[in-house]
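There are two complexes below, and they share chain A, which is joined by chain B in the first and by chain C in the second.
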Partner chain A sequence: MLLSTTDLMSVVDWSRAQFAMTAIYHWLFVPLTLGLGFICAIMETIYYRSGNPFWKRTVKFWMRIFGINFAIGVATGIILEFEFGTNWSNYSHFVGDIFGAPLAIEGIMAFFMESTFIAVMFFGWNKVSKGFHLASTWLTAIGANLSALWILVANAWMQYPVGMTFNPETARNEMTSFWEVLFSPVAMNKFFHTVTSGYVLAAVVVIGISAWFLLKKREEVMARKSMVVAALFGGVSMLLLLWTGDGSAKIIAKVQPMKLASMEALYDGKSGAGLSVIGLLKNESQRSQEDEPFHFNLEVPKMLSWLSFGDGNAYVAGINDLIDGNPEQGILSTEEKMRRGRIAIEALADYRDARQSGDSTRIASTLQKFDPKTQEGKAFLNDYFKYFGYGYLTSPQDTVPNVPLIFYAFRVMVGLGCYFLLLFIVVLYLAKKERLGQYPWMNHLMLWSIPLVYLCSVSGWIVAEFGRQPWTIQDLLPTVAAVSRVDSTSVMVTFFIFVALFTTLLIAELMIMTRQIKIGPHDEQ
Partner chain B sequence: MDTYMILQHYWWFIISLLGALLVFLLFVQGGQGLLYTIGRTEPQRNMIVNSLGRKWEFTFTTLVTFGGAFFASFPLFYSTSFGGAFYVWMLILLVFVIQAVAYEFRRKPHNFLGEKTYNAFLIINGVAGAFLLGAAVATLFTGAPFTVDRMNLTHYQGWNTISQWDTPWRGLDALSDYRNWALGFSVLFLSRVLGLEYFLNNIDDQEITERSRKHLLYNAIPFVVCFLVFAISLMFSSGWTVDPSTGVISTEDYKYLHNFLAMPLLLVLFLLGVVAVLWSIWIGIRQGSRRAIWFGGAGTVLTVLALLLVAGYNNTAYYPSLTDMQSSLTIYNSSSSEFTLRVMSFVSILIPFVVAYIWYAWRAMNRKRISREEMENEEHLY
Partner chain C sequence: MGTDHLLYRIYRFYRDGFRNMTVGRTLWALILLKLFILFAILKVFFFPDFLGRFDNETQRGEYVRDQLIERNAP
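This part shows the complex of A and B:
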């Protein structure tokens, strides 16, 4: 079937849209599952130890919320796994050897744990012992978090591919070290940063729902106690979140400098770069290169250099440095990387031709370039193959992601994160003073924090995922070379079908959820 | 056989086992499809949904794990079939997405779409899910129109897709082969047979039991007919065979019959499985036996396992290409690297532990059958 190059770009765009849409929908539900699972487990532990039926009633209420949310999380999750194949077939081949393993382990280790024990958690109250039930609640929460571990390991590997080597014979990357993939600094940071963001989200949701009960003067004891558990859990998580956020910035500075530059809208690199606290960007298309990128910009001097490299005077590369190159700082221009990428692709073509000719000397000499054990191979892999993916790009500008989107999303994420930390502290302070719920405006604020925490969470996703465009695998495979050969109409049609379906299900979920909250906890029969 | 080949065979076994377990677990889909046939009243339907509702996640998880394990061990199949038969896989996804919310949402107040819509979701998933999976699996024997050329990656401008589908039908082309229909319907009716046997086992209600026995017969007949059509045509089908030393693929008449004869153990497993399924149907219809599902389940696992092993073992192309024979996928040319298969093999040691805790939790939860009393007293209901 012949498909034109114009169609290629359209397929890439629709496939990206489809993946982004399903991933964002999925990510609306997962963080609550990650955090609420543990909050339920903590509450049930209090019940187990104290025997106080109040806690049983409370935990059952939160479990109901968990269940509704969990179902739609599962529904939006299955499609993502299969989209790697349906929409990104080259990707599945090129890195399936590495990427597939964590996905399979996720299924074997985590999904079965979750699905087995969630049934006990919901239906086992009168069927199994108290201890077995408590263990099931913990195992459900752990299972959910283990799923997150493996998929984030896979995601982190895409952003920072390690522990593999390219095999020209199979024309794909193959794993050489499982531990390097699992314990890559990006993977560990990403895992802890992402799951703790889920814990914070769940804590804010629990606080917000509890605030609603306080406003309605219903279930006030449950609301106050739930708030305290949530604020403690959220507060501790927030500290971890800040720490891993800082770690992420340091790693991104090294492995994804374009993402860092976009987060800061830093066009021209500098030593002692300041961190923009808040700024208003000028419209890209109406600005010449000499113009300042900001209408106004409030920044903390030297902070970006310090946060990125632990040194206030360190040089932080800007978007223009990465595009045009900066020999002083040892940065290659994108044009040069594209040239080298094409040489790497041509080396693969040479190997193909050699194999077709059947000339064993030629085969051996073309293979040598890809052999990391030889001097020639090492140099080729480091100087040329490293930029393999650049060879597929048509213009250096392709490597610049959507700067304003990432810049603002980053500020929304960090700004709201700081606000939630303050919120947890205030809740704990008021609880200590026994004044929790006394100020209606405060309760309103907590309730309205629920949409804010979702906005914060999705902003984080945008920074991480839009920020790495155009790469499906950093520097090795851009989206344009990763996509399936499907006509764009097919992808577009399925995109709209799933948008309609997920939106309908989201409305249903919100209606059911608000109704269940209004019903409140059930009394024991 | 060197280590790499052993690992490739081992992972084809794991995939086949997961596929076999998945077909057994499709009893959930089968049961869903019979929601209104067996559940004539509201309380009966609630018993059915709640009985199936405590198992649906296993089917779903097995499907997801089957996909993940296939991706990890034979990634070229993933990129070829999923990226190629785009419409079919998207349809399968769609019918599973609607299932996942239906249980939890159907009877919750203010559920936006109403209980009947969610029941319809369950029925669509129950019928279309089972049929489509069956028809998709049939293409492992009957083939599909695709071309694979890894070196397409060397085109740095324009399309460089490795796996290409050669018709615009994107998987719907499978409907032109009657054998795919036959296996699709076999799986559909088998899932209904298993669903009915599960009701006999799990639901404590006289009317449901009686009705299930009756419908067991109605579903067993088309199952046997369709399955015979598929099995007999398979025995007469030619298949693609690969020379493992050169990788060259050629046609072999009666390939699957030869495979069974070359691997008599699989033939025994297959026949044992078929007999067990037939026996389960017999005792289900005759006595309404609660044990029917065990024979039916075990029989299904054995039969499907044998069939899938026959599709990939004995140097057979498990995904024959109808347009370019040399593009056909075999367990040798489509697998992950030796290192990855080895790593995953260590992980697979966990599988018995997973099975053990699932077993333990099921037993704890299934001590009592679903009854009307439970429906009235239980707080968390679907």
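This part shows the complex of A and C:
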């Protein structure tokens, strides 16, 4: 059955909403696992070295929190794979090989590492040697982080597709270099930025829960010592996070210039572009092309050019340059990319027609265009196929993502990041002065930092994922071509089922977690 | 199998571990319920493999290629 264009757009919208909702909910569970695993491992190492039972009691408490979060979050990511197969089948087929390998490795590794080492971590106290138990705790933490590596490699490939060629015979991309996919600069930065963001999140959560104990005047020694471990771990992670965040922005400047321009609401490109620290955007609909986009904007001069290209005078492309083109800077217009994209799609249609005609010379000649080993193929892939996805767009404006959302989400992430760094420093300073926990307002602030760190983390994903709209695979496949021809009502129904399911899980997590926090650490019988 | 056998010891390790769980039981119940909803209900009734109706890779490839060509903007 053929769907009309409006129906297709409705499928796209509902499928996107569903994917965003499941990904955000899934991500609410993951980062705490990534970071708390290491915090437990550090605490257990202190226990191993000191032999002090206080640390055993403390680490067992935090492990319980880890276990609850892990149990509730586990398998929520599988839903995303269901959605790939049903709602995004063109996409799943198109990327096939690229996704298959990393996700298969992830599945096998996660299963073996998690089912063995987590079991030892929880059941093995007093049953296996102290050293073996400690090793299992570290391996659980490392295993969870390695699982994240494979998923993030797959995500990075969508943002920057490298190490593959398109095979028109199967209509799929085939991997030519696993290492190029794994070690692409986008993948490496994304991995380190994402996992360290999980460490910062876990550190803030540990500090927040500890602050609650201090407010209740319970378990004060455990709370203070946990805060110090978390602040040290969080502080070091925060420095790595700043470094990798800067690295991510530098790469985006090269490979996803529209995302960078949207993060900065930079409409007209310039040399020596300033970095907006904070600004208030004018309403898109009330603003004419020539208007300044801001009501007010506090800017550090030349900073954006310097951060993006390591040169304060470098040219940073704006949204209008990317739409209209800028020959001086060697930027093609979107119209031109759309034209080339349509030619690439026509080449695919020629190949199909040749196949249907059964004429082997025609088949061979149409195939040549897609062969990177021939001169003709190289030129076609580089000049036309590179813009394949643009052929599906109806207007150049389709390539502009939601600028205000990305602009503000980026500032929320970076602003809160700076606040957390300050928080870690203050915790360590107060601990040194032996005044940690003496100011109730500060304990309240730490407790309320827990929702803020989740907001910060989700904002990061909003920048990364909304920032690449309309692409499911950068420049190759927009959402409108990636989606299946399914009925939008069924996607809508499952959307609401997921809202109900995830909300129930979240409520269960919060209830079990708060109950266990209130019970506090157990004493050994 | 003797009680000292490695496999038996591993079995006992897991068995005792599960037996002594407190909050873990609620969590296991939750995990199993969640997996049931995911695989027995959602996957079966709401998330069929869209390309699963084709018999082989070639047919799937042909279908997706047609889709990629047909959605080309006018």
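We adopt the following convention: the second predicted complex is superposed on the first by the 521 of 525 C-alpha atoms of A that agree within 3 Å, B and C clash if a C-alpha of one lies under 4 Å from a C-alpha of the other, contacts with A are read in each partner's own complex, and residues count from 1 in each chain.
Note that in this section a residue touches a chain if its C-beta (ideal position, glycine included) is under 8 Å from a C-beta of that chain, and two chains touch if they have at least 3 such contacts.
Note that this is a predicted model, so its numbers are computed, not measured.
By the document's definition of touching, both partners, chain B and chain C, reach A:516. When the two structures are aligned on the shared chain, A:78 is found in touch with chain B and with chain C. Contact with chain B, but none with chain C, is seen for A:106 once the two complexes are overlaid on the shared chain. In the superposed model, A:119 lies in contact with both chain B and chain C.
Legend: residue contacts after superposition of the two complexes on their common chain; A:98 is shown touching chain B, with no touch to chain C. Using the contact criterion defined above for the overlaid structures, shared-chain residue A:175 touches chain B, although it does not reach chain C.
Comparing the two interfaces of chain A, the one with chain B and the one with chain C have residues 8, 64, 67-68, 71-72, 74-76, 78-79, 82, 85-87, 89-90, 92-94, 119, 122-124, 127, 170-172, 342, 345-346, 348-349, 352, 391-392, 394, 481, 484-486, 490, 494, 497, 501, 505, 508, 512, 516 in common. Across the complex, chain A is touched by residues 54, 57-58, 60-61, 63-65, 67-69, 71-73, 75-76, 78-84, 86-87, 89-90, 93-94, 96-101, 103-105, 108-113, 150-151, 153-154, 156-168, 170, 336-337, 339-340, 343-344, 347-348, 350-351, 354, 357-358, 361, 364-365, 367-368, 377-380 of chain B.
Within the complex formed with chain A, the chain C residues making contact are 13-14, 16-18, 20-21, 23-24, 26-28, 30-31, 34-35, 37-38, 42-43, 46-52, 57-58, 60-62, 64-69, 71-73.
Chain contact summary for the complex, chain A toward chain B: residues 1, 3, 5, 8, 60, 64, 67-68, 70-72, 74-79, 81-82, 84-94, 96-101, 103-109, 111-120, 122-125, 127-128, 132, 136, 167, 170-172, 174-176, 178, 341-342, 345-346, 348-349, 352, 391-392, 394, 481, 483-487, 490, 494, 497-498, 501, 504-505, 507-509, 511-512, 514-516, 519, 522, 525. On the side of chain A, the complex with chain C involves touching residues 8, 64, 67-68, 71-72, 74-76, 78-79, 82-83, 85-87, 89-90, 92-94, 119, 122-124, 127, 168-172, 338, 342, 345-346, 348-349, 352, 391-394, 480-481, 484-486, 490, 493-494, 497, 501, 505, 508, 512, 516.
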